[in-house]
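Each structure below is given as structure tokens.
In the two complexes that follow, chain A is the common piece, with chain B as its partner first and chain C second.
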Partner chain A sequence: MSASATQHTGGAAGAAGVATVPAIAPQAPSRLQRWRGAGNLLPALLFLGLFFLAPLIGLLLRGVLEPVPGLGNYEQLFANSAYARVLFNTFSVAGLVTLFSLLLGFPLAWAITLVPRGWGRWMLNIVLLSMWTSLLARTYSWLVLLQASGVVNKALMALGIIDQPLEMVHNLTGVVIGMSYIMIPFIVLPLQATMQAIDPMILQAGSICGASPWTNFFRVFLPLCRPGLFSGGLMVFVMSLGYYVTPALLGGAQNMMLPEFIIQQVQSFLNWGLASAGAALLVAITLVLFYFYLKLQPESPVGASNAR
Partner chain B sequence: MLLTPNAMSRRMRFGLYFTTGVIALFLLLPIVFIVLLSFGSSQWLVFPPPGWTFKWYGQFFSNPDWMSAALTSLKVAVLTTVCAVALGLPTAFALVRGRFPGREMLYGLFTLPMIVPLVIIAVAVYALFLKLGYTGTMFAFVVSHVIVALPFTIISIINSLKLFDQSIEDAAVICGASRLQAVFKVTFPAIRPGMVAGALFAFLVSWDEVVLSVMMASPTLQTLPVKMWTTLRQDLTPVIAVASTLLIGLSVLVMVIAAALRRRNEISA
Partner chain C sequence: MSAVKDPAQQHNKTLVSLRNLNKHYGDFAAVDDISLEIQDGEFLTFLGSSGSGKSTTLSMLAGFETPSSGEILVGGKSLVNVPPHKRDIGMVFQRYSLFPHLSVRDNIAFPLAIRKLASAERERRVDAMLKLVQLGEFAHRRPSQLSGGQQQRVAIARALVYEPRILLMDEPLGALDKKLREDLQDELRQLHRRLGITIVYVTHDQEEAMRLSQRIAIFSHGKIVGLGSGYDLYQNPPNAFVASFLGNSNFLKLKAQGNAVASFEGRSLSIRLTAGLQADQDVLLMVRPEKALALSVEQAAQEPLAAGWNEVSAKVVEVLFLGESQTCSVVTSGGTAMTVKALSAAGMPLKAGDPVCVRWATADACVYTQWAESDLNKAAGAH
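Let's look at the complex of A and B:
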């Protein structure tokens, strides 16, 4: 900061002061100075432009250019009932996964906030460990756990809850279990940060004013958690829309989601036009939702500006 | 009172802790389960296993396909880490220290690969490399992995560079060092935690990457997750549990290193 400030005042006055010092910013016009250092951006910009932006734009263009220019691919995507079903699946799975990961993440975040620091740190470590452990390894594990002769079915049968193995893989149940599991950390981390910032006195005030624990929970605590719930939930919803590995392994053919559909069109049917239309739709939805996510961030009532 | 455990009713506290315990177990279950199964003697992944064995590890390490996949994974991850840090370092400097307009937008651009679904990046890059005839090469793996690893390194380096007081670097220059010397001898050591964290993130992202790798792979060149993916589609053999355990093991190792480094920095700071 200070260095650039002196360079800005630059000119003749500054020159007197730094004249004896070697090699501090040459006295260049200020417009050039503003762009000083911007050259460092070039390698990464070139790289991303060449290998990320150009292919991405190219892909999105194919949706309106192949096989014939026009909106034919989009028409197909919405008119064909099989494709419309893929869209419906994508949203309903993402919605279910968001719901379940919120339900499971909430008590965990709450307990981490409540317990003594040392315990809380250990629980956060478990959350981080599961977040950074190989996605494929965890999905494989669920595949084995949930299969007809798997541990979950055996345990349920031993407990007498069911007397025939449930079908829990290659269907909606498998996808929702596996993906909710994977998304829990993405709920816990933002939610826990929000809860940590809530002043316990507010809740005490609520109970002193006569609120029952239930009223206090629903009317005071939950509204205060809302920023964390919203940002975590929205993030999980967006991520779920674009997930490929877990739905492809744990789901069946009848609940295919948009990412799997795109890959299938490319790899099996070589139908780049339709795949690109699907891709454009997914990118558009993701970016719009992400825009709302960013909008939501600064409005947190327990943010830094309000903290005591 | 909902945030002070002592003021909560006993029943409520018990309920919350019990639920939490179950959820924490739920988080750990698949990880522990798969590690245990890799030592189980049952071909059909029966649990609890009838006996314990290293048989599957023997099969993994004596199979040239699995070994070459593991080696490729390691090579790709190391190259990705080096490239991501080399590209991320100058970018972070420009974004933190530059005063040019549009920095916010550029920051958004550099983090875009984190937001765009992986499948889309995979298909887009695949289309490009298909045209250029690069699919199934080391180059394709590394380039595609660097795209998704770069945001992690840039963010980590930016975070530690923001904490570094630039006047210290200027002091070195005033004392006679060249700007480059000052950056290498003063600034780099000071922001090392961010550089190391960025490198570790890049390594983990590449080491575990499935979607991009599946699209880039050829029958002769594949990474460990690709080999697991293709094998999984045929059967659930315990050898996959071994590969999973190795993936988990390396991730845990990297996390422990990161935690140890963080603690050392906290103490020295």
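Let's look at the complex of A and C:
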């Protein structure tokens, strides 16, 4: 109990503070004490192991065991140009979706932070409401909006901007538009929390130090938003890699993404080996990204200043 | 007494003038028609309880608030429409407001980086500042890894590194404990003496104001009600509010009988010569507790009343020992409560219930002809 308390006070001061303290002696007993009572975790671990880890490992094993043992499935995944195209689509769509949702989510999060308190809560509720609305309903609405005779095309034609309807569904354009919209809440929520935690006095300090509003934004505000941008961006990127419903409805048959590919392999070709190789690839990419996230984000500057 | 006697104060050159400055929030006047001249190189403190308008005035100087009306002139040029980042003013905030994502060195270098100074010059100035605030060995740390006092020193270094003409400080030591606060007050005073910069300091702590500043402006309800050196404001408060706000005071209500005589509870007392007093006019007399003497009846019999002194008889209510000093609360026969303060070394052979004679010199008692009843108990709200 006391060990966890000291751990907390030290943790608030930041990891580097602990590193500079030369006394390492009290760490050994605290580590022992920290693991005391770990036995209580056993039921939960058993549950996770049985219903999460075991099936996952089984799936991953299929990738190297079926149809014949070896790395044949992975070879096929990277060598076949059609499959490589699937990977490229997946990454470029995930990248574009992350970019667009960051660009759209940042001003929204900022607006929610800046407007008077009551209004901000309303705006946040609207964002949440859109997130809670059925995904299928929202995706179909985009299908209606973006189709050749949809509102968007009609409006653009009426304004004389285009002569012919743009093809915005059943291709990657539709997928990017639909998914960017769906991902915005996942950017706004962590980003807004980060922005809320920034002390406005710090921005005043920046301006009295001589920073113009522009400089203040880039040199003080944006770096302080970094934890929110990072966690939001990573979450959206990883979610986009594995997203199925929206690409399946708004995308076309020619431009598949990895999740669609996996389902196709399982349902149409009963090729479990190749499908699990694709799934393993997704898991691996996610883990690698998460590792880099932890590396690049060792401490939260905002969190540390607020811990006082 | 003003602790710093700075040569810069002698050539009274006005650097900042506030002219008829107002700040209204709806019907509420946070700052109510303030006019003030701040001399070049002086250490001026805005002293007042919270909500008195001192911080709002400072914010207007910094440019975070726009005055509802009035003028702020620095060196003769209006500052009202100049945004904060072009004012070339340094500021230290109550909660330090360091940049949490930058190291101590980068925090101090920030204003120089904004001004695009050459990196060699930047390094030189930052090193000099780190030395000045004695934080050289902490240069690579993040603000969150420093103590409150160290963080505040970084904030001071960051505000001074670009050599602004004016340094604003908004209760910079408010969040620190007493001992550290006194150390930093000494450091600040020395810093001011060494750099000769103009400092405008905001605090609600009158001891801090006395310790640091050459002049103090006392704020109340958006107005400056007293302006002068700590010594003058304490010894000769311009009004009853300042008298009760600064330190402790005894107020006696008198009826004037002439220009230098008034009656108190049926006894005639001499007061400072005050022009324009009419007979039977209400007059307020203020005596500082340490200027009054409490004598037992025997002592009073041995020492006849000197010329120019007054005496009232009273009863001891309580004697308190406070370390270096002792206080004695008494109540006069008419029911007026008074406090007498003396150094412990002088001794005070009194106990509760004793009859006592309270004496003070006429010259030490201030006389007010106008006051509001609420002025007299403001001292409670000052701390």
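As a working rule, the second predicted complex is superposed on the first by the 241 of 308 C-alpha atoms of A that agree within 3 Å, B and C clash if a C-alpha of one lies under 4 Å from a C-alpha of the other, contacts with A are read in each partner's own complex, and residues count from 1 in each chain.
We take it that a residue touches a chain if its C-beta (ideal position, glycine included) is under 8 Å from a C-beta of that chain, and two chains touch if they have at least 3 such contacts.
What you are looking at is a predicted structure, and each value in this text was computed from that prediction instead of being measured.
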Between chain B and chain C, whom does A:179 touch in the aligned arrangement: first, second, both, or neither? neither
Of chain B and chain C, the partner touching more residues of chain A is B
First, second, both or neither for A:223, with chain B first and chain C second: second
Touching A:204 in the superposition: chain B (first), chain C (second), both, neither? both
Check whether A:215 is in contact with chain B, with chain C, with both or with neither, and answer first, second, both or neither. second
Go through the superposed model and pick first if A:77 touches only chain B, second if only chain C, both, or neither. neither
One more residue to check, A:263. First (chain B), second (chain C), both or neither? first
Going by the contact rule set out at the top, does A:102 touch chain B (first), chain C (second), both, or neither? neither
Going by the contact definition given at the top, which residues of chain A touch chain B in one complex and chain C in the other? 204, 206-207, 213, 216, 220
Counting only contacts in the complex, chain B reaches chain A at residues 1-5, 7-9, 12, 16-17, 19-20, 23-24, 26-31, 33-34, 37, 44-47, 86-88, 90-91, 93-95, 97-101, 106, 109-110, 112-113, 115-128, 143-144, 146-147, 150, 154, 166-167, 170, 173-174, 176, 178-179, 204, 207-208, 210-211, 215, 225, 228-229, 232, 236, 240-241, 243-245, 247-248, 251-252, 254-255
Complex contact set, residues of chain A against chain C: 12-14, 16-17, 20, 199, 201-202, 204-213, 215-216, 219-220, 223-224, 226, 301-302, 304-305, 307-308
Chain A-facing residues of chain C, complex: 62-64, 83-91, 93, 95, 97-101, 110-111, 113-115, 141-145, 155, 158-159, 162
Show me the residue ranges of chain A that touch chain B in the complex, using the header's touch definition. 1-4, 21-24, 33-41, 43-45, 47-48, 51-52, 54-56, 58-59, 62, 104, 107-108, 110-111, 113-115, 123, 126-130, 132-138, 140-145, 147, 149-151, 154, 181, 184, 195, 198, 200, 203-204, 206-207, 213, 216-217, 220-221, 238, 241-245, 249, 259, 262-263, 266, 272, 275, 279, 282-283, 286-287, 290
